[in-house]
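First chain A sits with chain B, and in the next complex the same chain sits with chain C.
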Partner chain A sequence: MSQHSYKIEQLKYDLKKSILLIPAIALMIGFFIIPIFMTVYYSFTNLALTGSNAKNFQFIGLLNYKTMFTDPRMWASVFHTLIFLVGSLIGQSLIGFFVAYFMQKKDQTFRSIVGPCILAGWVMPEIVVALCCFAFFDTSGTMNAILQTMNIPGVKWLYAHPMLTVILANIWHGTAFSMLNYQSALGNVSSSITEAARVDGATRVQTLFRVTIPCIKDTIATNTMLNTLSTLGVFGLIWAMTGGGPGNATTTLPIYMYFQGLKNFQLGQGTAIGMVLLLVGAIFSVIYTKTLGNED
Partner chain B sequence: MKKLLVILTLALISCSMLFASGASESSSKSDNGKPTITYTFRDDGRGSDQILWKWIEEGYNSWDKKDQVNLDMAPITASEGDYFTKIALQLSDPATSPDLVCEDTFQLPNDVSAGYLTNLDSYVSSYADWTDGKYYASMQKAVTGADGSVYGIPYCTDTRGLWYNRAILTEAGVIKQGEDWAPTSWDDILDACAKIQANTTDVIPFWCNSGVATGEATSMQTYEMLLYGTGERLLTDDGKWIIDSDSMRASLKFLQDIYNNGYGPSLDLVLNGQASNTSARKYFPEDKLGITLDGIWITGNWKSTGPSPVADYATKFGLAAMPTSKGQTPGTVTLAGGWAFSIPENSDAKELTFEFIQHLMDPEASYLSSIIEQGNICTRTDVGPIEEYAKQPFFEQATEFLKTADFRPQNDKYSTVSTAIQYMVESVVTGTSIDNAISQYGKDVIRTVGKENVVTL
Partner chain C sequence: MKERSIKNTQYIILAIIALMFVLPLIWLILASLDTNASQALNMPTNWTLGNFKDVLSSNRNLRGFGVGMVISLIQATVVVLITGLAAYPLSRYKLSYKNVFMYSILFMTALPMIAVIVPVYKMFLTIHILDSITGVILYLSATSLPYGIWLMKNFMDGVPIELEEAAKIEGANIMQTLKMVIAPLMFPGICVTFIFTFSGSWGNFFVPYILLSSQNKLPASVLLYQYFGQHGTISYGPLAAFSIIYAVPSILLYILSQRYMSKGFNLAGASKG
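What follows is the complex of A and B.
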């Protein structure tokens, strides 16, 4: 075979590869790249859902961003988002990890009872979780009924501690995901390593912190990142439970974005908030990938 | 080479499949050649039991053009606030646009300036009832856009006032047995609340919508009823939004007095989306609430067909006009709102839809029974005197209020400013100082209308 025909074969092969990629690329461009650029563009306009700006919207430069960053409610939303994020992450990861850890050496019956209980919160659609938790934490709900049987006065959960309540709901919803991740990671930690550590005289706690956890570091990072991204996007749960209130005590960025963009009809401002949300997600992703990358 | 061709064809097919779904959507709306009228309204969750459904269905069945047209019910099940969002989304696209839509008159200017609604001038000019004064002039004004054209046919209106429980007010010593309560200033209301608090047990003295979750009801039934009672409006006569004034402070002070003195309901009851129903269907009929600031439709709850029937509501409860702040002329104040039928710009059956609206609004067909079941005030002058309508408890009084009724601004920024009002009210009742609440309101309004369109009095 001559050099020439070899080149043609190579070209054909490359062409074949690229043609097969066309549908995937078209999907990416159509449903991902274009919307992102449109969002960026709209965030610089005064586009509205209805009213005169719906018909003739204009390019208004950085005005949306300027008003957004001088708006105390925006900063409050960022703050609420961080509290919600950190609270959910700590709860989901810790509970998820310890459930997985303690279930490890238990017998099958125990595992088949505890596992599904935790999974129940995860397999339920978000809105069902929200309704269940609303009924549970309502002033005349299950939680207060339980407290009353123990002669503890009821608490107005959704009103007095709204942020704590939605975080608890989100933890209940998301713990199973962490648990599954950690279960598979712990299963991969070779028992010979931990046994060796025990033989060398390490206590259980030392083995856990010095041997097991370092072994599953990558899973911890990946799990935290996935949880971060899904928690940043939580909307339905909070919206159905508190509507972002009372006041704006549970108004996180997605709620605020919905409020400005769809309830106030100011789509331009809504997309500008969306950009901030995107940025927060990007920052966290970079941090996690950096910590992950250093290990390699 | 043949292989390459196969791959190429496959790639093309998969690409075209991506866009095929988009193309098939534009299929014809009509069914067996007949045009279809798609009707969109807010479903409060009761489906075909509610009057906005039954009315249109009965109207269609009794319509002589029934055989030439199909009717497609397209309810939107949503809270009132979300309904406007969904409507705006639907109207903006020809593929999703209905042909007949229920519009709140305060939302109308918004959708008009967005170009979503059909200018009905040429239609109403040949609609005899419209030109002969069969509609109240104030209601015709409520559906007229800033350009002076008509964009809807109003089908109901409402007025607001203070509903009170006679037994509770008598027990508290506010009124004597058989007497009507007629407060003449805000202080009279606060005095009555103080007496209820002191002389009764387990009764909430006063209820008004106070949260963001109750949406427009908080702006209109509560804040604007107060503000308009001071003589001030949301805008000055030359169209500038007022962002700080003594009257605004006085209105917020009244709310602060209510909640700080414990006259209001507990905040977890009033700051959620169900608050109006909680008061009208539960606390008020169960004698646990003395006075509630609400609209005439509240009686719909107590009728035998309503969700919370009260057999003797005509004598058990009373309706008092909301007084002005210090009793200054005109002495009382009320706001009127209402709903209208509009035809979207993107409708493909405008002529037929307008004929259908005329049929729906015909008192001899289905309008009379519908407006009675809605529990709302009619928009037609020839329905007002009909006995079946007029004999309903409180309707004579509520219709009387209409004479001095004020309306919300016909301004396409109003609905956005309204959410700023709701935030301001909720923040005051949850303990924010009036200064901070007003300064936040100022910022919100400036962001919506621009610095050049606001003023401080």
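What follows is the complex of A and C.
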């Protein structure tokens, strides 16, 4: 009996004390949770934006998923998303870590110049980043001008290597985030540990791989998860620079989803692609939440 | 000797990386001051402020900046108010669902929100708030609540509970306590939440791009996209000037948030005085 009444007491307490949470919960349910459930629901229907299927849409089971997974353009988008993701992750993490690691014991003035240079691309709004990189990698842009001074012939970046170009743009935009994370993590690695390793005869490289990196492995995990999640959601940067092209060379999942759902008016198809993004995002998000939970 | 050359190599590589990172930005600044700007980085032959004048004399542009400001300011205010209320029970009471709630919030902060934009579009169409600035504000607010709650709750945890008890003894209710005692003490935290929300909204492109269509409702981010995303002939000078004006709030707010961030977690002193 006491167990039962205790639960009711707790429930009453919870309800009474949660009044201030109501506006937040209401807004999140309306514009966050319901859309997520609608994504799931619509992905099983033949809902279209216009025409007869706009009003009288039907439940069609797994047909959208069947269509999606037999669609070569879908697989191309999955592949492009993976390339974009892996390229961005490697670039952002390596450069971010490299800068954070080697800046540690450098001259103060030098640090206060290099830091803001890397931060510049991060602080900029997405579309400004797209414009800067669009001009930078234009056939008669700054990148080719630099190559010419070294007697290397120019490249039509946005046509010959569109994926590489948008990856480089995303690296420009995202590296500072990794750098900041690694800076604070490296700052917490006590120098007495690394110095002890050096005294014991470990080389600099050994100290880095055997001592420093194991010490910051939680940061590496969190940073990689957050970068993965934000890279999965990149839309504006690619859309403004290439529009997903040329052809479909830079069509990642968000762009293909937008295309199918809102340009071709096949909402059911579009939401099925959204479901893939949502599921992949949810998996990474759970891992992220768990790693962060373990740290506390 | 060897030690020294390793160090010098490191300096050189770091300097090259920094230079590569800052070059697109230098281009942006020089192009905005050039009467005859091109895609490539050039010293302007004719320096001018004309590009800025051009950008600011267009009503369409001014409207774009204004709309962006309105969306971002209202959204940030709404988020601060709602998360400020929500943080109180999460920070002060022993709610049985607190851990589950906080983990769900954390989970939600990391979800790629673009994944649900198609049904959101359909929903907005059905309830007739498509192409409405209010709709955009509502959606942007809702999606930034999880991170806002997370921030506010952590900042509120830093405000000592003793001060509140003093207020309670003097007969203050929760709303008064929140307003008169807690809010002033966590002012840096409120600023950080406000700035984060504002910057996120100001820089956001895909939400207004997808949910708005009337030309006179488009914020600066979508206008900038329209000026160069269609890839016709681009006049780089005015475009660079537009970009700089558009980027200035983001840069200033970032610098401001750094100031508040370092102060934000030093609240323990208040109960000693």
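By definition in this document, the second predicted complex is superposed on the first by the 254 of 296 C-alpha atoms of A that agree within 3 Å, B and C clash if a C-alpha of one lies under 4 Å from a C-alpha of the other, contacts with A are read in each partner's own complex, and residues count from 1 in each chain.
Methods note: a residue touches a chain if its C-beta (ideal position, glycine included) is under 8 Å from a C-beta of that chain, and two chains touch if they have at least 3 such contacts.
This one's a predicted model, so the numbers in the text were calculated from it and none came from an experiment.
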- Kindly classify A:Ala100 by the partners it touches after superposition: chain B alone (first), chain C alone (second), both, or neither? neither
- Which of chain B and chain C A:Asp71 touches, first, second, both or neither: first
- Task: Examine A:Phe32 and indicate which partner it touches, taking first as chain B and second as chain C; both and neither are also allowed.
- Result: second
- Message: Is A:Leu278 touching anything from chain B or chain C once the two structures are fitted on A? First, second, both or neither.
- Response: second
- If you stack the two complexes on chain A, which partner ends up touching A:Leu131: first (chain B), second (chain C), both, or neither? second
- Does the superposition put A:Gly243 against chain B (first), chain C (second), both, or neither? both
- Message: For A:Leu262 in the superposed arrangement: first (chain B), second (chain C), both or neither?
- Response: both
- Task: Determine, under the contact definition given at the top, whether A:Leu20 touches first (chain B), second (chain C), both, or neither.
- Result: both
- Query: Which chain, chain B or chain C, is in touch with more residues of chain A?
  - Reply: C
- Task: Please indicate which partner A:Leu47 is in contact with in the superposed arrangement: first for chain B, second for chain C, both, or neither.
- Result: second
- Note on the structure: Residues on chain A touched by both chain B and chain C 19-20, 23, 27, 30, 49, 243, 262
- Which bits of chain B are touching chain A when the two form their complex? 3-4, 7-8, 11, 14-15, 18, 81-82, 84-85, 88-89, 91-92, 107, 110-111, 113-116, 211-213, 266-268, 271-273, 412-413, 415-416, 419, 423, 426-427, 430, 440, 443, 447-448
- Note on the structure: Per the touch rule above, chain A residues touching chain B in the complex are 12, 15-16, 19-20, 22-23, 26-27, 30, 48-52, 54-55, 67, 70-73, 139, 156, 158-160, 243-248, 259, 262-266
- Message: Can you tell me which positions in chain A touch chain C when the two form their complex?
- Response: 10-11, 13-14, 17-21, 23-25, 27-28, 30-32, 34-36, 38-39, 42, 47, 49, 95, 98-99, 102-103, 106, 110, 113-114, 117-121, 123-128, 130-136, 138, 140-142, 144-145, 172, 175, 225-226, 229-230, 232-233, 235-236, 239-240, 243, 254, 257-258, 261-262, 267, 270-271, 274-275, 277-278, 281-282, 284-286, 288-289, 292-293
- Message: Give the list of chain C residues in touch with chain A in this complex.
- Response: 10-11, 13-15, 17-19, 21-25, 27-28, 31, 38-41, 82-83, 85-86, 88-90, 93, 95-97, 103, 106-108, 110-123, 125, 138-139, 141-143, 145-146, 149, 174, 202-206, 209-210, 221, 224-225, 228-229, 231, 236, 239-240, 243, 246-247, 250-251, 254
